[in-house]
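Got a structure for you, questions after.
By letter and in written order, the chains are A, B, C and D; residue numbering begins at 1 in each of them.
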Amino acid sequence: MHLFRRFLRGEMRLGRVEAFSDGVFAIVVTLLVLDLRVPTLNDHASAGELLHQLIELLPKFLSWLISFIIVARFWLNHHHVLGLARHADYGLVWLNAIFLLSQSFIPFPTALMGEYATNRLAVSFFGAVLALSTLLFLALHAYVLRRLAKPELAALEVPHIVTKGMIGPALYLAGAAAAWFSIHAAFAIYLLTPLFYIVPPQRERPAAASAS
Amino acid sequence: MHLFRRFLRGEMRLGRVEAFSDGVFAIVVTLLVLDLRVPTLNDHASAGELLHQLIELLPKFLSWLISFIIVARFWLNHHHVLGLARHADYGLVWLNAIFLLSQSFIPFPTALMGEYATNRLAVSFFGAVLALSTLLFLALHAYVLRRLAKPELAALEVPHIVTKGMIGPALYLAGAAAAWFSIHAAFAIYLLTPLFYIVPPQRERPAAASAS
Amino acid sequence: MHLFRRFLRGEMRLGRVEAFSDGVFAIVVTLLVLDLRVPTLNDHASAGELLHQLIELLPKFLSWLISFIIVARFWLNHHHVLGLARHADYGLVWLNAIFLLSQSFIPFPTALMGEYATNRLAVSFFGAVLALSTLLFLALHAYVLRRLAKPELAALEVPHIVTKGMIGPALYLAGAAAAWFSIHAAFAIYLLTPLFYIVPPQRERPAAASAS
Amino acid sequence: MHLFRRFLRGEMRLGRVEAFSDGVFAIVVTLLVLDLRVPTLNDHASAGELLHQLIELLPKFLSWLISFIIVARFWLNHHHVLGLARHADYGLVWLNAIFLLSQSFIPFPTALMGEYATNRLAVSFFGAVLALSTLLFLALHAYVLRRLAKPELAALEVPHIVTKGMIGPALYLAGAAAAWFSIHAAFAIYLLTPLFYIVPPQRERPAAASAS
């Protein structure tokens, strides 16, 4: 029984959860570029027409950039959270799957915002999806801390880290609301939020250092 | 000779089978979103028109959600089955390849069902494909149990687990049949089946516990 | 110097070559399904029209099936060949990259053959690409055997295995030629060749056993 | 504290950075083929028309080939640079993410150059993107050498390797400039640059050998 339990929850399992997650993150991040479609030119050799078309694509480039940075940030935090876990259990695997579901959805709101950058609903929808995805991530973080964390690492986490992480969804929702007043404000919030939306793990180190 | 046999069947090989399978699962799950195409708007800035178009996309969102959960569930069970194996042999590799063939096919019936949610054949086809894929998975499970299982883990498997697993294909076929009478019933069956279609590994633990 | 050489050629490096290759194989195999496009129906709810359209797609299904089996077979043989190597060097990495270039190209001739199954050039082109890809694989195999093989494993390889492997390209070229006379014959050759095109590693075991 | 620091910067982390990077490289390299679209034929069975269409696709084939070789070369150098690192820190992870952002962008300029091979801006844009991506790679290389390198490996690196690596961006910019005078010259530069653009690690070995 002991062996079987170890097998079901062992480190190797955690390795496969990470491999699957890394695969999903890497694909999401790379698929984003597929939405940058080659424009149609009347005069194939006209540099001027192409330049004009590339400038028209700027909202798509910006959406792509924002989503890439956001997903890279999620990958980094995901990395941190799974690194806290002693092993994987079924709760972790399913919370992780639902979180990845929300991540793999990101190319759709990104494409929508890139295509219709002047549409308030499109810009607002992007923020709502990211707020939801961040909430799912915080649920995963809370689950790992409560049930699976290596005690010596959990003790070094900033107190109330998950509660503080709620700033992230709040900012994305603020962006989603801002879109109805100023689309530029919404874009700015989306671009800046990945820099704040969860207390970054490196901040914990000074905090932990001052506590030790 | 001993060395060569160990090489051919070694643990490292199993690691590469898992890596390849994880890759396929991760890509399938992420490609599903590509079928969620950005709708075409007459008035780019109209939130009302976009809302209307997003509501029109609901069957696609639902098909995507169902397939994501199903593939995630397959990934989890696949994980369990390969974890039982001592090593990989050519039988396992080919059964696994044919199973992955059926998994990599899933985006097609998913897109078909999402596009033509009122078409009984499209909805029925989805169930038939999943019934077949589950049968291929059960063949893999049976092969591992009979030929490659670590004895101490195989002993803890629920008796007749593969036979019980036939509930899965039966439910998918029931969904495929239901589509000809009620498309809503078919969707409901597809959504609920991943929760039942194979005796989940965590059920085995209480069973094993009561036996020990 | 000794350390640096070990680093450059070490086992870890081989692991990353395998990881990159597994990624490419997994993506190629899964991208193949993207060519199975959802057909356009005049009457969305018509099962009869959909059935008719799915039957029209049969050449695409067949092309997809053939390519999946071929790539899976390549993956398996690739697995075998890299398993023979003590370590990776720059020759291996580049031969491997050029081989993967030819593998990543396969979705294009597959789509071409699926779309224009009655076009002799499209069917012939498929065979020519696979002949070339198999030749690149044999070059990789020969390189590993000559320069990087673990001696105890190389000794167990069937003599002249690479020369025998030329049956593969020869069969694909025969298929490419047959396409100009009978497209059905070409399809049959493409479907059967993966079963023969390189002396499979499992044949070596009895041969090795009789030699030991 | 010691344990937590080791966890945050440990070898395992570096492994996940590599896995994520390998995933992105493998997907970029394989997605390139998606731009090779099946041509539209008026007479489906006409080999002559298909041949004509395939010849029309030659600039796309060439763009695909150039980008594949360039990304494979980046993968190899990336491999070398991460192999120098003792561990990963947040600086490395973010520099790596920004470098991968530029790599995942490559399918877009590749498709643009393939579609509009006579457009000087399209051909020039390709070179500018690659110059930027190479600069980001050199920044990553410099960061690893300065902050994270294993001393015994760093000592074997060619002196001023990063400065010498500036030849790469310079060549790509030369290609981008050449496109305004001769598109053929630009293509030639793009095809030849991966052979030179960074002092390849194997050159370091003789240099290191002569120094030891």
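One rule holds in what follows: a residue touches a chain if its C-beta (ideal position, glycine included) is under 8 Å from a C-beta of that chain, and two chains touch if they have at least 3 such contacts.
The structure displayed is predicted, hence computed values, not measured ones.
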Practice problem: Compare the two sides of the chain A and chain B interface and say whether they are made mostly of the same residue numbers, over half shared, or of different ones. | Solution: different
Self-check item: Label of the chain whose CA centroid is most distant from the centroid of chain D
Solution: B
Quiz item: How many degrees of rotation carry the C-alpha atoms of chain C onto those of chain D, rounded to the nearest 5?
Solution: 90
Self-check item: Chain centre separation in whole Å, for chain B relative to chain A (CA means)
Solution: 25
Quiz item: Where the CA atoms of chain A average out and where those of chain C average out, how many Å apart are those spots?
Solution: 36
Exercise. Please set out, as single numbers or ranges, the residues of chain C touching at least two other chains.
Key: 19, 23, 27, 31, 34
Exercise. Write out the stretch or stretches of chain C touching chain D in their complex.
Key: 1, 3-5, 7-8, 12-13, 16, 19-20, 23-24, 27-28, 31, 34, 90, 93-94, 97, 100-101, 104-105, 107-108, 111-112, 115-116, 118-122, 125
Exercise. Mind listing the chain B positions that touch chain A in their complex?
Key: 18-19, 22-23, 25-27, 29-34, 36, 38, 41, 44-47, 50-51, 54, 65, 68-69, 72, 75-76, 79, 83, 152-153, 156, 201-202, 205, 208-209, 212
